[in-house]
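Heads up: the structure comes next, in structure tokens.
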Amino acid sequence: MSAVERPNEYVVPETMKAWVLGGPDQLSLEEKPVPEPGPAEVLVRIDAIAVCATDLEIISHGPPALIQGGLPFNKGFTPGHEYMGTVVKLGPAVDEFQPGDRVTVEIHAGCGRCERCREGMYTACLNYGMNYGDKNKGHRANGFTTDGGFAEYAVNNINTLVHVPDDMSDEEATLVVTAGTAMYGLDVMGGLIAGQSVVVMGPGPIGLMGVAVAKAMGAQPVILTGTRDARLEKGTALGADHVVNVRQEDAVEAVKRITGGKGVHYVLECSGAPNALNDAAQMVNRGGRICLAAFPSEPVPVDIAHLVRNNIYVFGIRGEGKSATHRAAAFMTQKRFDAKIIHTHTFPLDQVPTALKYARERIEDAIKVVVKMKPAEAMAAE
Amino acid sequence: MSAVERPNEYVVPETMKAWVLGGPDQLSLEEKPVPEPGPAEVLVRIDAIAVCATDLEIISHGPPALIQGGLPFNKGFTPGHEYMGTVVKLGPAVDEFQPGDRVTVEIHAGCGRCERCREGMYTACLNYGMNYGDKNKGHRANGFTTDGGFAEYAVNNINTLVHVPDDMSDEEATLVVTAGTAMYGLDVMGGLIAGQSVVVMGPGPIGLMGVAVAKAMGAQPVILTGTRDARLEKGTALGADHVVNVRQEDAVEAVKRITGGKGVHYVLECSGAPNALNDAAQMVNRGGRICLAAFPSEPVPVDIAHLVRNNIYVFGIRGEGKSATHRAAAFMTQKRFDAKIIHTHTFPLDQVPTALKYARERIEDAIKVVVKMKPAEAMAAE
Amino acid sequence: MSAVERPNEYVVPETMKAWVLGGPDQLSLEEKPVPEPGPAEVLVRIDAIAVCATDLEIISHGPPALIQGGLPFNKGFTPGHEYMGTVVKLGPAVDEFQPGDRVTVEIHAGCGRCERCREGMYTACLNYGMNYGDKNKGHRANGFTTDGGFAEYAVNNINTLVHVPDDMSDEEATLVVTAGTAMYGLDVMGGLIAGQSVVVMGPGPIGLMGVAVAKAMGAQPVILTGTRDARLEKGTALGADHVVNVRQEDAVEAVKRITGGKGVHYVLECSGAPNALNDAAQMVNRGGRICLAAFPSEPVPVDIAHLVRNNIYVFGIRGEGKSATHRAAAFMTQKRFDAKIIHTHTFPLDQVPTALKYARERIEDAIKVVVKMKPAEAMAAE
Amino acid sequence: MSAVERPNEYVVPETMKAWVLGGPDQLSLEEKPVPEPGPAEVLVRIDAIAVCATDLEIISHGPPALIQGGLPFNKGFTPGHEYMGTVVKLGPAVDEFQPGDRVTVEIHAGCGRCERCREGMYTACLNYGMNYGDKNKGHRANGFTTDGGFAEYAVNNINTLVHVPDDMSDEEATLVVTAGTAMYGLDVMGGLIAGQSVVVMGPGPIGLMGVAVAKAMGAQPVILTGTRDARLEKGTALGADHVVNVRQEDAVEAVKRITGGKGVHYVLECSGAPNALNDAAQMVNRGGRICLAAFPSEPVPVDIAHLVRNNIYVFGIRGEGKSATHRAAAFMTQKRFDAKIIHTHTFPLDQVPTALKYARERIEDAIKVVVKMKPAEAMAAE
């Protein structure tokens, strides 16, 4: 389908540059062997990678869901999961992709052998983290439990790959998995949301993509709540019908006002605020549904009685299951929304620490900070 | 199908005896007009009614979900919802039932005109409580928002009726809706639970019926947790593979021990204990599901992060939707379990206050207290 | 939300003009009483109505699904079901709509009391056609089993009403139910079709709206098959990525070619061609799904073995269930596609026979022929 | 959970006896190397295997669904798929099973990398048959596309293994997959069938297990149709509420009679009769569902209009997906029905041709013919 010619053979070096995690918050740029793709795997040359808040968490504290294998410190681990790139080498019997294919990646490759994977819930794989030595069940979570993308190359299970069209930039392609996570949240709540009312709480990257995806699916109205006007404006640009600055108006009151007292059908909670679940429960109508894509760090008081009395369902999600990333990529390919709006900064590979700092401290109101492997001039000369 | 002959015409008096709620906790036995069935309704002569904990709550505080119409005090309201009886009069165009049919009843008749009813979620009807004057949207909840069964007769929408076979006693038939509520809880979590592991928390009537229904559906193992050995023994008699007295062993530890560390697929929470949701979340495996059929009266601390990180779904339910009562009745008709085990006491209609007292104070370890309209001798002579 | 002022009181005459069906194919314009809305009903002043192929069938042969009540001939029946208009009078306790509301209508109002209605499948109501005399179960199918819209006024259950925004023309609004039927077909097959491949067979009104809705939902590619280039061009205008004239290329071969041999995920069959099901089964991949929204008039040979060996699911649908019409209306309100493309001709009420003739004989390549109650000049002067 | 002690180490020989398919219908008992289990696989010592009609088909004509790789003749292929046995060797990183575990097997192990496997539909794997050379995508279908069980040993993906309790005989354990296929058929139609009416057409092994499983799930009534009284009597013994000999009464009429004219909710079609789908469509009520687990060898006339007008869904299934085999095994472990009723004959391994002849020609009214590896005396002496 593409008119762009690409080489079908790539010279892959034996070693590569990769950021390696020593102790907590200790990253160094090192030379590591380029990994070899096994069955159902390919080697991806990384072209760009975005920074996610979870990366910062992993680098400081280790991945929350890393059940087996302990903490990742001082094990030569390379973090980073929101990357895209070019297929440069195929594992045995792989013909689903070809060298030269531009791809972006999902995080999770399930083991394929546990009950959850067998029912298609691969992001809830029961062998999460089991990918080492004689416990290698085949689960992979890029940059969580297996090496990630702050490096020149990474091995990926083909289940995690999504094709990127030629007219989508590297930077935009790194955002597919974020949009896919938001879409998964909408899907687990039911998915058929054209004409239905949706609140998205929290204008971080997943929340903002949630607005865009909900709108692309036809939701009406889409209401975004948050604390910062600059972020809410991004939401408006991505399709929010209403934005509510919760510093100026009570979010529940605002939703009641906008919906004529009825409340909404769905809430996608992406803020992690302590009272978010209670607020969401007050926003939905009887029989409404709430998806939790974020969480407060400590236990918080929850009015369980309200959930039960109003027949409310609450879906905790982790990641981007049910191939939602492919559906999100389809919307982005069709240019239904401009994901690039949330891309704010770009750095080269050797400035990963700076990129992380921008993301962590929201310097210059950073939303999505992208690390691009090749300077623009180099790419132009290629 | 029945060999028992019954009259097909009944003489219905103009007035009847009915318990009427004055102020909170003030019940008096009064003479009221026998109501007239409208379209899609029948008149049921009540033969027996069980006492539910919610009745006690309503009599003291009003129904928690009575959104419209305010509190039920001093409005001539008759409480009681777990009743069964005999169809004695048909509304216009009703031919789904005949006079003489023995029936037990669900609580909820949805309005049939809101979004939830249109999608089959009638227990989450958006017109809950709207059944009066010029706001009559047709919603009915027996003994919650419309007159209930501590009386000689009650009108019922045909949607709430379930046939009772001849060889099921009146007392047992009052338990169908309890079993139906438990079954609904299992259904919303997925329903296909043969060979799957289930914890039921709380050996009250719904919890005990939950054990019975889960086992009838083939769940394995079924684990019941509670604080009183006498109740847990009832659970064993109803099919629990394991019972855990949480005064003697930590419930989460016990579940881990029984399941070899794996946790269970489903938890049906019927205890309303303050830490029940957190415990349930520790009991299920990644991707597991929890149904909340009970709740603590106050907000309680909940570890939301654990729900999200482990992709756990939580379903609040209110009542017995999706025709689950019919499925529960089918199991009881087929004698898959002996629901009568939880029936402990019987009183005549004029002793409703005593019946309520037994249920409230669990006198003589009362579980299900039934009020039977006609003394056994009268029925024998009929 | 609307800035257009409308009267909130309407003078409703006692009689109206309505087309009445005598014997087969005998329509006459008569004076009939204006019907009175009952509970959960409103009176709609009809502003426009489109002609559907099923209207032609009903006028000639009676409705295929009219189980009870026999054929509609010589009973004073008024056909027509794809209409829109203005609410002019409310039944008792109706506050969901107000006089002056512009609405378009679904066909089916389920009885609300059968098993199918209770589970939300109201288009498969088990009391289909039961709306007369002492068998009045409340089912209504506009223009099928109850009076329809080739008239000045019609009563409608509020469940069948969909709001129409001010900037949608009367003519376009008559097409909502057609788009809703197509959407329902996509929904029963799964609904989450962004990035999935869809074939629509047959470029009639439902098929063309199927293309538009599939594309709005993000399907990719959408392939339309048919026999006439003019119709296929409409499909392209509505978003089809590929069109196949089956007179020039075998449809199955074409789909294989376009999909690189893989076949598609879904087929929406709207042609009624004798070999359509077999072709569809060859077009989908293993595990694929087919929705039948049309059918040949006679039994046809079907290769059942192929369906079984390839794990194919086939969904017969009748009408526009699961509130799909609301979702279709949302897309049209958001101007995701231009449904007006399929509107080709307009006639006034007194020319209904001409309108039917145009539709039946496809005069001037008619697709959707609309009958408009008020001449444009009258409306302008209003 | 078992008190039976078993060795945890087994001496596995280098070669084994195995029946090998030469040309069509040419089987010879040969000496083959014992295969080696790879990752996610175990070696199973086969203890018993049942003959399925599909085995006869494969031996004569090759597997219908063997898309890749061509026909299996003269390739050293060993047929047979309904086997059970003992785990004797583990592949790398396998700890889900231990040597000595008694297991029965499903047929299909999906590739785990195609769209269908990713959504949990592994029996509809898009890489069906791809398990050889440089096209090894990992799909396995025991005895269809990979070596099966008419041999002393077979390699199995752990996804296909189901534990067998000590008190279930080898012969009974071979029937689990048959019961699992029937259960899968009920599941795809909705699964919550307690109190719902079900017709099973065709009293072959899958049909008879369909009766048993439907009854275990609480269906009421379960109606079995067939042509031979002896088979129908087996159905009665397995729980059918009604049996209909279609040589004596029209099946559709009989179903109408039994259901008081209403028809049934579900039909599980296991007969493959030419008019079965049309009959099934007349048996179900509006909105009813039909599962096709069998098929006629040639295309047959189908009244598609009836399917569409009545909103009927038809599900073709191939095999035993969604872990239905585990649910069926749970019911059998709980002794909900006596599957052994359909086991009629037993032969030793060297008499496989005789076993096949009994099954093919239904000698002595054979239903399930089992090949048992070890004579009873040898097992007793073990």
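Chains here go by letter, A, B, C and D, matching the order in which they are written, and residues are numbered from 1 within each.
What we mean here is this: a residue touches a chain if its C-beta (ideal position, glycine included) is under 8 Å from a C-beta of that chain, and two chains touch if they have at least 3 such contacts.
As the structure is a computational prediction, the values presented were derived from the model and not from experiment.
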Between B-C and C-D, more contacting C-beta pairs sit at C-D
Between chain B and chain C, the Cα-mean centres are separated in Å by 41
Can you give the whole-Å distance between the Cα centres of chain C and chain D? 43
Touching two or more other chains - residues of chain C: 121, 322
Among line, ring, star, complete and other, the chain contact graph is complete
Contact set on chain C toward chain A in their complex: 183, 187, 191-192, 194-195, 216-218, 220, 322, 326-331, 333-334, 336
Taking the touch rule as given, give the residues of chain A at its contact with chain B in the complex, in rising order. 64-65, 116, 121, 123-126, 128, 188, 262, 277-278, 285-287, 292-297, 299-305, 307-318
Partner chain B, residues of chain C touching it in the complex: 39-40, 92-93, 96, 112-113, 115, 117-122, 134-138, 157-159, 322-323
